[in-house]
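As structure tokens, the structure follows; a few thoughts come after it.
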Amino acid sequence: MTSQAMPSPAAAGDPLIDSYRRVRTQTEALAETLAVEDMVVQSMPDVSPTKWHLGHTSWFFEFSILAGFADYRVFDPDFEYLHNSYYNSIGPQYPRPRRGLLTRPTVAEVHRYRRHVDEQLIRHLEQGDLDEAGRALVELGMHHEQQHQELLLMDIKHVLFQNPLYPAFRERQRSSSESPAELSWSDFSGGEHRIGADLGGAFIYDNEAPRHRVLLEPYRLANRLISNGEYLDFIRDGGYGEANLWLSDGWALVQAEGWRAPLYWVERDDEWFEFTLAGLEPLDPAAPVSHVSLYEADAYASWAGARLATEAEWEVAAARQAPDGNYLDLDCLRPLPESRPGLRQLYGDAWEWTRSAYQPYPGFRPAPGALGEYNGKFMCNQMVLRGGCCFTPEGHTRATYRNFYYPHQRWIVTGIRLAADGR
Amino acid sequence: MTSQAMPSPAAAGDPLIDSYRRVRTQTEALAETLAVEDMVVQSMPDVSPTKWHLGHTSWFFEFSILAGFADYRVFDPDFEYLHNSYYNSIGPQYPRPRRGLLTRPTVAEVHRYRRHVDEQLIRHLEQGDLDEAGRALVELGMHHEQQHQELLLMDIKHVLFQNPLYPAFRERQRSSSESPAELSWSDFSGGEHRIGADLGGAFIYDNEAPRHRVLLEPYRLANRLISNGEYLDFIRDGGYGEANLWLSDGWALVQAEGWRAPLYWVERDDEWFEFTLAGLEPLDPAAPVSHVSLYEADAYASWAGARLATEAEWEVAAARQAPDGNYLDLDCLRPLPESRPGLRQLYGDAWEWTRSAYQPYPGFRPAPGALGEYNGKFMCNQMVLRGGCCFTPEGHTRATYRNFYYPHQRWIVTGIRLAADGR
Amino acid sequence: MTSQAMPSPAAAGDPLIDSYRRVRTQTEALAETLAVEDMVVQSMPDVSPTKWHLGHTSWFFEFSILAGFADYRVFDPDFEYLHNSYYNSIGPQYPRPRRGLLTRPTVAEVHRYRRHVDEQLIRHLEQGDLDEAGRALVELGMHHEQQHQELLLMDIKHVLFQNPLYPAFRERQRSSSESPAELSWSDFSGGEHRIGADLGGAFIYDNEAPRHRVLLEPYRLANRLISNGEYLDFIRDGGYGEANLWLSDGWALVQAEGWRAPLYWVERDDEWFEFTLAGLEPLDPAAPVSHVSLYEADAYASWAGARLATEAEWEVAAARQAPDGNYLDLDCLRPLPESRPGLRQLYGDAWEWTRSAYQPYPGFRPAPGALGEYNGKFMCNQMVLRGGCCFTPEGHTRATYRNFYYPHQRWIVTGIRLAADGR
Amino acid sequence: MTSQAMPSPAAAGDPLIDSYRRVRTQTEALAETLAVEDMVVQSMPDVSPTKWHLGHTSWFFEFSILAGFADYRVFDPDFEYLHNSYYNSIGPQYPRPRRGLLTRPTVAEVHRYRRHVDEQLIRHLEQGDLDEAGRALVELGMHHEQQHQELLLMDIKHVLFQNPLYPAFRERQRSSSESPAELSWSDFSGGEHRIGADLGGAFIYDNEAPRHRVLLEPYRLANRLISNGEYLDFIRDGGYGEANLWLSDGWALVQAEGWRAPLYWVERDDEWFEFTLAGLEPLDPAAPVSHVSLYEADAYASWAGARLATEAEWEVAAARQAPDGNYLDLDCLRPLPESRPGLRQLYGDAWEWTRSAYQPYPGFRPAPGALGEYNGKFMCNQMVLRGGCCFTPEGHTRATYRNFYYPHQRWIVTGIRLAADGR
């Protein structure tokens, strides 16, 4: 990064600059093993091409911060339209399902765009041009970029999976085939608890606020994520053919799509394989099952005589632990078996579907302006997931973090943790 | 009904028989003004033909009660497949979107089927053949049939609307064009409340149970439903063109479907008309707006600087009132203006969209067997509506009653009540 | 018909009146065994409800003849929009795929409409009000109505087939299970021939004109239609799974639709049945195969080492025979086996797919005005069929008659005659 | 090409090797100005990515020739599945609409594949290993590759057009804005003519055979292609809104797609622009209109009081001229105005839609085996185009050449020549 060529003593100690550089570099590192061809394709409307992620995350800094400086020279005026994701307040957007039709800007041009934004932003930071609100936007932009690091990996996995050659994103870095710990329950008492977080402290997204009271009945959580082997038992017991286990919309989808296993499972000659970022591999029965929809998670729980947790149940349990786990920084790029005793895997490995619809907390108010579109307008039809996954950058998630997806979506690294009513 | 030919002294005083007869007769009365042609058509997959409603409600009694008697002579073995709505436990179902392709059984045959079921069921009731569980199923079947009375009216309204002749279901019975009361707020205190109801008392659906505690923050409810005139202000202010007012999925639908007014509004030469069960009529600005989606209700509330209520907020307020209102039995078949002061229209007129996703109450457990499919499996992707409407039979709804539809659906008689955070 | 109440001596001998009455009565006779419910349903966009056929054929006389009389009282001004099929010159049309959503006018109203049109038209004929052009339009309207008699039967067969009860249109009238004659070839010499017909003589449609020369190479035609038994051999030989037998678009359709037999064949416990207007019956191997697409006809011919005939080849052969055959008037309502020697079944039984695209003859010119829309604008993407079928009214077809459908359509009574190059 | 490193004296004079090298080099030259990103995208199912064209044309030589040599080392066994276009005889195919999802093989790998095939094929040619049939396959493969040169340009034009930046494929090479010659007619006499060609002489595709007699009535052809300016008159006269000018299927498409101009026309502030391979340019009224569907060509002809020619009419006229014109080798990459008198532009500039459906000539027989799939199975639903266009390699087309596309397709360089009945 050429910005290293112009260090500013004044800002040398500004930790925001270091963090900014780290996040931006990490994004580019993720694309390093990819061919240019890989970075262009959009395999379904939910997916964005890698080069779009690289551009859009830069655009976020440009429109929300740099564009506010009177002397800012826009890199390319057409980029606003091309890289705006869903901010109607900013302007119209190139249609999302057509992102894979854009061959230009090329990957090299997008990298030039990134350098341009980095230079400008770091210069302003070094010069101390940003007030607190501006610095908060930089921080938001970094968290935003971390989200796109995870999306980039989810998306490229889906892109590579379309290819019958099953190309690898990266050679397998590390592996583990320990047996998972035996499934057991942790009990939690009911009563009044507090969840959520208030704005104004450490960084949170607006959808985590405000912190508020909830009433819980006594409940139990399983000690770890459900494994591939356990999920295979569900399949072999006819789970995908037993209507009574399924939510109505889920059953309709199973029929319409012919689902009979998680998204990346491939059956060949009666043996199951799983597509991973290291290519197609024999299914590891010890590893957590992943890439299941909410419907599959819910049906599995019904089959097992249990249920999914609510997001409040999950948070109350998770708040007692440090948010450590198998994240992107471990470089495994896959959920790992957990053999240790105790309540584990709340963080990392796989996002846990909850039975909670994604709705505003009492007293929630979206921010004014474009940033108000960040979270609030999606509070309908989606379900909350908690805890992060093996593609999530370390430090990005926390106990109060609310992720959300539609119940049918499976290209996320999702997993299943069982819950039950307590006594 | 020929069953009147065989009165049983023993059961003469059985109020269940009277109620049963009343409900069944009311259903048939709804179809009286229809031509046979009207009763065949399915105008969209959500809609069922009138004759299917007539048959399905009879099938419900047949499969859940009569089929349990060893000597029961099935009316027609093919009817089970044709009239099963969504009970996978019972067997496969003729595909819902194809119900309008069935010309047979004819309307006359369906009426014979109804008489057959009535005779058999009343005979068993008169003979005292039903134990408590059986009698509870009769009661469930009656409530089920009342739901279909409402559906029948919603559906036939949609069917008749497809016709450019805009035929009337029935001549206008009664009208009112009083001005609505001025919009004002009722305040409610926060804290711990109880909502829901327990099984084992007066009839409830399983989704209303169990009664449980909720925590509320202070809130306010508007005194009445939003009127057509007020909604017209929203339209004239560009509400359908202002992305920031809308939930993301709602905005996408507005664009895709070209929505610019509630479902049954028709614009001709710059004047608005509304299709009603009495045909096309000039829009009454005093009457409550109806046939809006959750998205439109939510966007209206945002435009008005307010929000929709949660279902708990609604229930706490409604529990203090008797469930009286403009129901089907008043025979208006349309929402009426409300000019009286105070918190009004919680019951009847129009179902009120809440901001609450339809989810299980803590401790909810679906019933075993086919009846377990009644409510639980729909607890995903839908939103709760409260209070009943002008098509709902009197006595069918109550403070704890949870209705649910998808947020995009508009052929229900839905309305808008504003809510806000209290102080 | 009340017009019988006012006979006009002058016109008593007008054969056009008799023909008109005969055609109109025949249409109504076809609907006699139907329930009102049957007459409302549209089972796919290609199909029209029976009551629409009854109305549209009347509208044709009304718009093209009666509307020209200054004193004509329109029966209902809305009917023009509802009953216009595809005449853009007349005005906009209620969308064809939505015809099945119209419950009004009722069947009874449509019958009143028919009587109104009949009275008015016959009165004008009796009074001698129509000039030659007007009388030609009456004749055209009668041929048009005959086409709709055939369509009505095709359509109602498709409607009844949607019902798992497989209701019968009419009890089986007559049957035959003679073995078909052995398959053999008739040879025809090449050279210059004439096909088509000129306007101005006996009634023809404009697409049959002008009569013109064609050059043919020597060719052969099979003596009869291919039987169900022979087609079953093709199926059992894997014909539906052998890509090389199929036209490319046909093969794509076979895959997409999962075709494995003609439209109305139903397999139950390894036995084949065929849905007919008399309900579901065991497949008759001797009867001609019917309800196949052009793709299936072409694939069968390839499998048999033959090909389909061009329309010119067919016409040159057919012109030597009287147009007699198993038509509607025989009241069989199904193709019959042909056991007699010689070139047979050119007329009646089943329309024969040709390999000729439906295109204008050299020098063809569509009529001016609305009638110009009758045939010309369809001369793209469709294929020519020849000879008529068991649903075609006697006297409607002839050697020069050109029927046309899209190659994928199967709800027509279509059959297969093999052809081959001669020597 | 490394094969130049091993020249074989024996074959030094073999002109087939030179032609082969020339064709293969020309393909690669077309891709030279493209970014890697451009070569991956598939903008609609009809379009293939550039890198697929590069691979598929090599696969054609590999499967049809090289695979027949016992010692042939397949470059990559997975490539057969990936690069098979539609040859069911060879095996299953990766689904065509998903070609744009394949990021691997990369462009570099495809180039290695090309070099591998070239080395092997040239070695066998140099060694004289190929018999006459084999050499005929090489010739077929070269013609096949020329077709893909044209497709590659059609396809990349469509890909680049999706981008609101309207990137250029190549800077404008040459331009001309001469006025076109005045529109006039050439007369042709009727009677018996011969069209088509016989196999066994100079190279032809099987669909051009056999040469056979046709009967024509006297006819006229316009002297040149219709210009953009003339087509603009049609638009300004309301041509896209006048149903009576259109074939029925065309009119439906105009409504459904909202067509109001040729594919690549873009209106900005009431001025028309045209997207070309040099980017977006002001519309040149003198140049031939291009990128119209058959429906638009037919509607234009109706509006002009004329018609399109049959393929026989076109061929009889064209056979009298040398097949010279504005082809790919002129490097204009756009149709040019024609100002010279006389019958012009029959070859090059733009493919001319005929009114002839693509059907087999009398006596046509597809070749046995995979090559039989080349043309015959497409002889349904498509229309014949004649003459070649500015993307067609010189020497590829001829008077008997039959191109074919679906009537709705517009991404081909198509144009309009008027015809009329003669006297």
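We call the chains A, B, C and D, going by the order they appear; numbering starts again at 1 in every chain.
Following the convention adopted for this analysis, a contact is a pair of C-beta atoms (placed from the backbone, for glycine too) under 8 Å apart; a residue touches a chain by one contact, two chains touch by 3 or more.
All values reported here derive from a predicted model rather than from experimental measurement.
Each chain gets a centre from the mean of its Cα atoms; for chain A and chain C, those two points are 59 Å apart. Our note on geometry: chain A versus chain D, Cα centroid distance of 46 Å, whole angstroms.
Each chain gets a centre from the mean of its Cα atoms; for chain C and chain D, those two points are 39 Å apart.
Taken as a graph of touching chains, this assembly forms a single closed ring in which every chain touches exactly two others.
Chains that are in contact with each other form these pairs: A-B, A-D, B-C, C-D.
Chain A contributes residues 86, 88-89, 192, 212-217, 243-244, 246-251, 294-295, 298, 355-357, 359-360, 362-363, 372-373, 377-381, 383, 407, 421 to its touches with chain B in the complex.
On the chain C side of its complex with chain B, the touching residues are 35-41, 43, 51, 78, 81-82, 94, 98, 100-104, 106-107, 159-160, 162-165, 167.
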